Amino acid sequence: MGKPQKVSLQEAISLIKDGDMLTFSGFTIWRRPMAAIYEMIRQGKKNLHLVEVNGGTHDDMLIGAGCVKIWESCWVGHELYGKIGGNFSRKAETGEIIYEDYSHVQMLYRLVAGAQGIPFMPTYASLGSDILNPAYDALGRAGLRDGSNPKIPPKKYEMFKEPFSGTEVALIPAAQPDWCIAHVNMVGSEGTVRVFGQKYSDEEAMKAADKVIVITEQIVPEEFIRREPERNLVPPYLVDYIVELPWGAHPTGCFGSYEADGAFINEFFTKTRTQEGFDAWAQEWIFGVKDHDEYLNKLGASRLEKLRASAALGYSTKVKRGSR
Amino acid sequence: MAGNEYAKPGEFKPIDLLAVAAAREVNDGEVVFAGTGLPMLAIMLAQLTTSPNAVCIYEAGSVDGRPISLPTSVGDARCIYQASIASGLYDVFGQLQRGVVDLAFLGGAEIDQYGNVNTTAMGGYFGGKRLTGSGGNPDINALAKRTVFIFVQEKRRWVERCSYITSPGWRIPHWPSGEFVHKKEVYGKAFRGGPSAVISNMGVFRFDDDGVIYLDTVHPGFTPEQVKENCMFDLNISRVSGETKPPTYRDLELLYNVVDPEGIFLP
Amino acid sequence: MGKPQKVSLQEAISLIKDGDMLTFSGFTIWRRPMAAIYEMIRQGKKNLHLVEVNGGTHDDMLIGAGCVKIWESCWVGHELYGKIGGNFSRKAETGEIIYEDYSHVQMLYRLVAGAQGIPFMPTYASLGSDILNPAYDALGRAGLRDGSNPKIPPKKYEMFKEPFSGTEVALIPAAQPDWCIAHVNMVGSEGTVRVFGQKYSDEEAMKAADKVIVITEQIVPEEFIRREPERNLVPPYLVDYIVELPWGAHPTGCFGSYEADGAFINEFFTKTRTQEGFDAWAQEWIFGVKDHDEYLNKLGASRLEKLRASAALGYSTKVKRGSR
Amino acid sequence: MAGNEYAKPGEFKPIDLLAVAAAREVNDGEVVFAGTGLPMLAIMLAQLTTSPNAVCIYEAGSVDGRPISLPTSVGDARCIYQASIASGLYDVFGQLQRGVVDLAFLGGAEIDQYGNVNTTAMGGYFGGKRLTGSGGNPDINALAKRTVFIFVQEKRRWVERCSYITSPGWRIPHWPSGEFVHKKEVYGKAFRGGPSAVISNMGVFRFDDDGVIYLDTVHPGFTPEQVKENCMFDLNISRVSGETKPPTYRDLELLYNVVDPEGIFLP
């Protein structure tokens, strides 16, 4: 295991190959590596295979841009700011992407097994759901469970009558994505990673993946981050590339750093219900800006300041969120 | 108007009654798993009224948060203000599977007479209208001791059998064969319970021993027959026990001034 | 799930029945609930069934006192201060206790499965070890895998050719002990639990057990412990009884609070190699003191002060540890 | 005497050479899983000399600690000083099983010609002399890419086949049948490596392709024949490549003044 390299976002993303299997940090519209999503779209990635505990604004965008061939997860939407993943739904309905549904626990357990280096996890969760309907094994239907892709298990799951108490459990195969792209609050100068607040399934995602790109709000002296090793998430040797990029999770939220930009997400949702709408939106916000700095300037400093989290609360009190 | 008096028709909205009726399903001291939206209003109202010792878990990884500002989703930074634990999915779903969760609040897009719920696709898994997908709905519904669904009652979404069963109710397919059986048969020793109530904008529903839904109370302003007409299946209205109690003035004040003063879920 | 009750050590321990299955916090000679061990011996518990990730001074003592019938774990010793568990070895050799060996990962996974509510965990760890030799299934030999005790699985393990990559894994059955007795650094007034430093397998042990007794260095206002919920280990509803008892882990160490008392442990090891030696030692240190306060006074304040951890380092710099 | 010169016979103790020879097995940048005692001296000395970027994991749950005071065991509070991560067993053993660990340092009470090690019971599992038990030894030995055993060479403890195989070497029983086969057969696709060296107070040993031990270098002051006489089995001494390099003065200074100034493991 080597030491992580500090690189630019463009360099990090250029290492991802068409067809690679990816997973991400965060939860729905929280702490998603959005700057990396934008850059993957700019670089025109194709045929990506997403395997994630849940989706959100980030994968709906990647799907809208035509970067994704296979989606394995349990949910896409924008929470309060968009009731479905409009791009995901459109491409799912037209058959432009292959979607393989698991439940939250099942997806989590795929990454837990990948992180623990075991071939599967057993679970009682979601027995009786059509998720387990053999007719809905999308990768199987597409002929992709033939062993030619080592990242795709030969079976979606297996029912098993276990020998200890005689119950039936579902065995859910491990996932070890090629890459985890994670947005985090803080990285030490040698690569120790810390997130603030809820950890979602970040630890499992980073440990399951073969390679990890960490995008961080800030790099701090390693000595500082090691004063409280109880608070850290993964050590340097599990990180391959580090990119320092404040606001890199915008428009999703980042506990302790900034609020989710609901207005931005809602506008994305509203404007990208059609492919034409997506293309126009992407022209403005992705292709129309050269890099993350231009993106931030286009958003404007005052918008960002309103989103900045209160030091006491971990979220912003300056954003209008509801109807009153 | 004393706080504990019931509000009169016209003084509350249908969504208020949904939240209040759901809150009444919580027993004090219970561990409650709640999703985004109305479930948040329900558990927070319950904690402010009848169930001060109820504990709320959000699936993104917060346990017993005491937010002073309403979260917009379960991953929201607000969820962990004065929380006991801020962790992640592995912690809270593990607790769920361990049997810690007494009650879950969930929603959906389509529901059937067995309490099966669809949040995945309407009109066919391949080629139908694609929705968000399962999230943790089927996991939570599978493993909590009781589940309460909060559900807008649109006739075409209250069906005899869900076109896609995302979340397993009382009668479910036993995979891989697909034989349709009682939940107890599928879960065996791991069986813990299932949907205990559905709360719609028209009434409160419960399930009989065979796992079939029936109307328990009807909301003010509706008749049982009207509720039945809003179902695609032959709803059992023979067990109606009366009218759903409306919100109290105190409930409404708490909902609008304490729980959701910003108007996030309450318009 | 109810709220935890604050009780005396005597009350808490009185709830443990002869024959109950127990697990503990800590690791070898670190953060063991020693005051509870002393009290169990004073109360004359019998036929206890220990299921723990590893043993140490605590279980060697409980075994020496004749409280234990079955031990399922992977290790007993006193680290630098005693090369084996003298009492464990003596009673194992004479057949006075039933010992069922698993490996560290296997024991951990038994509690992981118990904590996650799944019937087993699969693992590649320790394949090829005599731990898996069917002739060495001690509980099976003793006729205890007949289903009469719901806490004892019908099989020690099962080899399984898994259907995803075709490897053979060992399936290790879940354990859900009747009790976890944990010593921790801090508990909130409502019951939120925090430990400092390494967490060992405390989280798994507490979550796997049906009931949890937490013995804490101190109780703090709940509002204080909730300011940083990321640092907390388990919520109040997973705790049944709370006992506030500073120095309750002595002679084992407690990160951030005090050092392991190596001289004390070594004296225990040296003096208790025989049953007569154990009985004399127990007369002095367990039966000869009424309760934890008397025990602390017998140790003496200056001894304790030498063991107290530096606020900067988490351990004491005042203890002579080696030969120089 | 320059620091990099080798110390002469009489200027170092057998235990010093054990620590130094073990330290030389570390390649810079490797992730090393180390147990209590000599393994700690070896990894710390390696980090101070040839392998400043090696990372040490202790199984109680510390990753890359930079202790300024020698831990007496892997659960010691000292392990996490300036550590990258302080967690628990589930984290670090998970990393091990995931394939992250390059090298492990382990010990034992009895070893056989296949690198199998016994730490459980001498002279029979039931009724024999009971030792500590496995700890993580067999897990680590099973799943690290390479294992180095540090072992005092007492003839009766260097046997043809361990009376109890706690920790699986190169030729092991395939349970439940017990057929004695190469480790690769038992682990299949999960195979990652096995014992790469044994370091005793008499020499450094390695393993041939069949997984049988041979003497690689002999420590100063011993002959290969003497080493062979200290084994119960027919040790292969045909491949001896020379004499083990003694510690340098710098090694000794680091061991006694920096790594273990208190004399915890070095008497």
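In this document, chain identifiers A, B, C and D correspond to the written order of the chains, with residue numbering beginning at 1 in each.
FYI, contacts are C-beta pairs under 8 Å (C-beta built on N, C-alpha and C of every residue); 3 or more make two chains touch, one makes a residue touch a chain.
Only a predicted model underlies this, so the values are computations on that prediction, with no experimental measurement involved.
By count of C-beta pairs in contact, A-B exceeds the other of the chain pairs B-C and A-B. Between chain B and chain C the centroid-to-centroid distance comes to 40 Å (mean Cα coordinates, whole Å).
Rounded to whole angstrom units, the spacing between the C-alpha centres of chain C and chain D is 28. Mean C-alpha position of chain B lies 57 Å from that of chain D.
Under the contact definition stated at the top, the residues of chain A that touch 2 or more other chains are 117-118, 123-124, 165, 167, 169, 197, 199, 230.
Within chain D, contacts with two or more other chains are made by residues 62, 80, 86-87, 97, 143.
Chain contacts here follow an irregular pattern that is not a line, a ring, a star or a complete set.
Chain pairs recorded as touching, per the definition above, are A-B, A-C, A-D, B-C, C-D. Interface residues of chain C facing chain B in the complex, by the touch rule stated above, are 1-3, 114-118, 188, 190, 192, 207, 223, 226-227, 229-230, 232-238.
Within the complex, the chain B residues that touch chain A are 36, 59-62, 69, 72-81, 86-90, 93, 96-97, 120, 125-139, 142-143, 164-168, 172-176, 178, 183, 186-190, 260-265, 267.
Every residue of chain C that touches chain D in the complex is listed here, in rising order: 26-30, 53-55, 73-77, 79-80, 83-85, 88-89, 92-93, 95, 99, 101-106, 108, 112, 123-134, 136, 138, 159, 165-169, 197-204, 253, 255-256, 259-260, 262, 309, 313-315, 317, 320-324. Of all residues in chain D, only 29-31, 53, 55, 62-66, 80, 82-87, 94-100, 102, 143 touch chain A in the complex they form. Per the touch definition, chain C reaches chain A in the complex via residues 117-124, 153-155, 158, 162-165, 167, 169, 171, 173-174, 196-197, 199, 230-231.
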